[in-house]
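This report refers to the structure that appears directly beneath it.
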Amino acid sequence: MTDAASQSVLPVLGIMLPATGMLLMLLVGGRYVEWLALILLPAGLAVAAAIFAAVWREGHTLIYVVGGWQPPLGIALRADGLSAAMMLVTAVIICATGLFAGPQFSQPRGRPERRAPLVFWTLLLAIWAALNAVVVGADLFNLYVALELLTFAAVPLVALTGGTETIEAALRYLLFALLGSVSYLIGTVLLFAAYGTLDIALLSARVRPEPISWIAASLMTIGLIAKTALFPLHLWLPPAHAGAPAPGSAVLSALVVKGSFFLIVRLWFDAMPGLLNLAAAQLLAGLGAAAILLGSILALRQSRLKLLIAYSTVAQVGYLFLIFPLAGAASEPASSIAWTGGWLQLFSHAFAKAAMFMAAGLIAEALGHDRIAELGGIARRLPISTLAFALAGLSLMGVPPSGGFVAKWLLLLASVMQGQWWWAAVILLGGVLAGAYVLIVVGKALAPAGAAAAPTAPVSRRREVVALTVALGAVLLGLVPLQPSELLQIGRLDVHALAAR
Amino acid sequence: MTSALAFDLALAALVLAIATLTIAAREAMSAVISFIAYGLLLSLAWVRLRAPDVALTEAAIGAGVTGLLLLGAAATIGDRQAGAAPPLALMLAAGLACALVASGLAATTLVLLPEPAPTLAPPAMASLATTGLGNPVTAVLFVYRALDTLLEKVVLVLALLGVWSLAPDRVWGGVARLGPDAPPRAMLVFLAQLLPPVGMVIAIYMFWTGADHPGGAFQGGAILAAMWLIVLTARLADMPATSHPGLRLLVLAGPMLFAAIGFAGWALADAFLAYPEGYAKPLIILAEAGLTLSIAATLACLVAGPATRTPPP
Amino acid sequence: MSTAIALVTVVAVSAGSIFFLAGTIGLIRFPDAPCRLHALTKADNLGLGLIVLGLLPQVGTLAEALKLVCIWLLVLFSGAIVTQLIAATSRHK
Amino acid sequence: MTIFAACAALLMGLGLFGLITNPQPLRKIVAFNILGSGVFLLFGIVARRGAAAGVGADPVPQALVITGIVVAFAATAMAVALLLRLFADRGDTRLDHESAAGTEPARDDCRPP
């Protein structure tokens, strides 16, 4: 069924390395957890890099048939260009988060095991395994299990600090996520009932534009939207993402919400090509546009830094949904431009948002609070963190030469080329609003310290540098030549070619 | 045929009536009790749908262990927590929306599903001989779609970690509280002395027979968990501390063994989670044995909840 | 012969069902916990016993028959103890 | 089978209604379980429709349901644990506290001692 050259065990390793690593951590406990992390993080990065290199070099999808049982009876894993890019970005952000979190979550020597370090490191690896399973999954039910893995890793991370507010945020997040899972599951069973397979490639060949496909796709999309926190199902996100400890927020905002978004794209572009029609695409993008405007305006009104950043995630996730009308239309090259722009937005937001939450975490640690009104003088105390925040902000605003700029520019270009100018207006307005909320924070940080400025706690220089490096990553993404656009197309054709057989 | 139809109708009506009771019940405790009855009746529906494996799982986990968990929560919280019910207009709107959803789904399943229905039963049965198993559901769980099962075990461990992580920092690694603080009644102790040996035999039978007949690791594990919980509630054994290396090993051994068998398949049988020819059945039974123990420990720990007392010195 | 066996089954299972019905009505209608338990135990012990008895002639193998009897014994045993526990708890309150 | 298909749809509707309208999180969790079991029943109907090759129901959806029941239990356990912790901390379990983290300064007690 598949040519030998594309068989590779690497996707399995991408899932199983962090998954078994997580089990091992729980088994050994105590100080060994950090040592294991020290081994597993680079190893996982190496696997991701190997997959990226293999897909790049060979130019087609890597496939692994688990247990040798071909779909539809068995489960296959597929790493196409998009999966490879997602895996690499995930690995880089996870490793950076690990470096950032190292001093915060370390076990003291010769004392009983502490709660937070053990839980944090195991959850970090579990999130990694789940995200890798989501991006290489090719079976709708296997993807359901992967999504649940992601949820069950993310929820305790929200509640990690143990504050009552965060427990409540975690519970609300869990309830939203469970409703989303159920909705997704109904769609899955309907598709299986109609077409007798759960495999995405087989499904894309069998699916017909008929009512049951529509119903299934809608239910699955609604479920995934609840997990992605697209407006109007975004209510759970700000308290959850703001309540987690800084490294947790970084991973949640940068990566976890993207996992379910990735599946929405998989569903409409890979599993059910040709089913995406204008009305559905415009509706999704319309919700995205509402999220951009509403999220940005709410971000402007926040008095706390972490909540501001969390609302900014609501807004930035909105941009991703512009991919549906812009890349879904069959008008080359505009749709390819939009496709590249959409994914670049995802990647640059991942870097920018991770950096922002890291910087905000350091600022909160130094001040003992994160009230925006009382940030005065922090630029002098923590110049590196402030710079990291500002650089990440540039990418969110879409200022050249950042990755966010290129992404938004490509989306803008695509919408103008296709005559869908209203999305262009939203993109520009969103950029202006993002500029406003970033400038409020930076302006306050640059202001002189107030008379009642509290003394600041010392902050690790190493962690500041990690935040800055991640922010630089967001900027540098804008300088990468547009070659990745070709990578992002790898496998899209493969799936269709497979479908044709 | 008509008597079967009448039975199905009565069963479905009863299931729906009890579900309505569960949703509409005034007190949390009555809702939970009717939920357990609902789960048991539902497992009869699964028998009628010719899915005895699912019926056992629903009865053991869906009704049994979930019910136990919810009973504990309802006993602790009661109805003291009640927030205000939404206004009537909102209730009506929600009711209308849910009725629409239900009728839409009913119409979808009754009208839109294709005839003849697509099925994977023929390929699943055709390959059954190569696995050496007699129960096709076990074959799907441990051979064809073993990756799902493996990841789902990780989900279960992760849920336990999530529950444990809710312990306050000062009691981390401590002991969970199970049941009331009062000393156990003599009758309970008597039950805990007599029932577990029988239960263990049934659990082992359930896991062992799963290869060829309805049953398996989940159902056996759930029964084992229930037996352990009875023993712990009767204070015949101490609840182990969540930091106890033995407990952690017990929880993790099954998933790790299964993963190890998966990797061994990669080395010896050309594919991750493939079994070498002729060794499929013994390896699956080995994995299931480990998983039965781990599932039992995990389910029991999930019911017991996070630590509330400091670890013993 | 087979008619006689079938008759035994029908009579025994019907009688068992009547006990269950009566027990359930008692469970719903009786005022307090001890009365309800009194009704319930009749259903459990006698009703199930009669049903098992009725089914015994229908099974094919000895193992199946043993399983049926085991089920009845287990229900008898756990039912008796749980009833005691519930009664003790309700008296305590 | 038609009967159980209608039953499954109604169960999903009931569960959804309880999940949306009941203000008590514990009752929401119970409702989620009813909703979930309705979905699983749908799997069962699909399995029964796929009876072939000498088995009364397609084993693949049956296996998926078994996996699903275990995952639903894990979700219930996590939700109940969060709920009990919330109750222990605050004495109620309402989820309608507005601006969850808006009033309180950031707490980060995961810092090393």
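Letters A, B, C and D mark the chains in the order given here, with residues in each chain numbered from 1 onward.
In this section, a contact is a pair of C-beta atoms (placed from the backbone, for glycine too) under 8 Å apart; a residue touches a chain by one contact, two chains touch by 3 or more.
Quantities reported herein were computed from a predicted structural model and do not represent experimental measurements.
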Smallest count of steps, each to a touching chain, taking subunit A to subunit D: 1
Touching subunit B and also subunit D, the following chains: A
Pair of chains ranked first by number of touching C-beta pairs: B-D
Whole-Å separation of chain centres (CA-atom averages), subunit C against subunit D: 34
Computed distance of Cα centres, subunit C from subunit A, in Å: 57
Approximate Å spacing (C-alpha centroids) for the pair subunit B, subunit C: 27
Multi-partner residues of subunit D (at least 2 other chains): 12, 25, 42, 46, 49-50, 60, 64, 67, 71, 74-75, 78, 82-83, 85, 95, 109
Two or more partner chains touched - positions in subunit A: 73, 116, 141, 145, 148, 152, 155-156, 159-160, 162, 167, 186, 192-193, 196
Where subunit B touches two or more other chains, by residue: 105, 109, 113, 117-120, 124, 144-145, 148, 152, 155, 158-159, 162, 166, 169
Interchain pairs in contact, sorted by label: A-B, A-D, B-C, B-D
In the complex with subunit D, residue positions of subunit B that touch it: 5, 8-9, 12, 15-16, 19-20, 22-23, 28, 31-32, 35, 38-39, 42, 45-46, 48-51, 53-54, 57-58, 61-62, 65-66, 69-70, 72-74, 76-77, 79-86, 90-91, 94-95, 97-99, 101-103, 105-106, 109-110, 113, 117-122, 124-126, 136-137, 139-141, 144-145, 148-149, 152, 155-156, 158-160, 162-163, 166, 169, 216, 218, 299, 302-303, 305-306
Residue ranges of subunit A in contact with subunit D within the complex: 73, 103-106, 108, 116, 120, 141, 145, 148, 152, 155-156, 159-172, 174-175, 178-179, 181-182, 185-186, 189, 192-193, 196, 238-239, 242-243, 245-246, 302-304, 306-307, 361, 364-365, 368-371
Partner subunit A, residues of subunit B touching it in the complex: 104-105, 108-109, 112-114, 117-120, 123-124, 127, 143-148, 151-152, 154-155, 157-159, 161-162, 164-169, 172-173, 243, 245, 248-249, 251-252, 255-256, 259, 262-263, 265-266, 269-275, 311
Residue ranges of subunit B in contact with subunit C within the complex: 185, 187-188, 190-191, 194-195, 198
Complex interface listing, subunit A residues touching subunit B: 9, 12, 15-16, 19-20, 22-24, 26-27, 29, 64-69, 72-75, 112-116, 119, 122-123, 126, 129, 133, 141-142, 145-146, 148-149, 152-153, 155-156, 159-160, 162, 167, 186, 190, 192-197, 210-212, 215
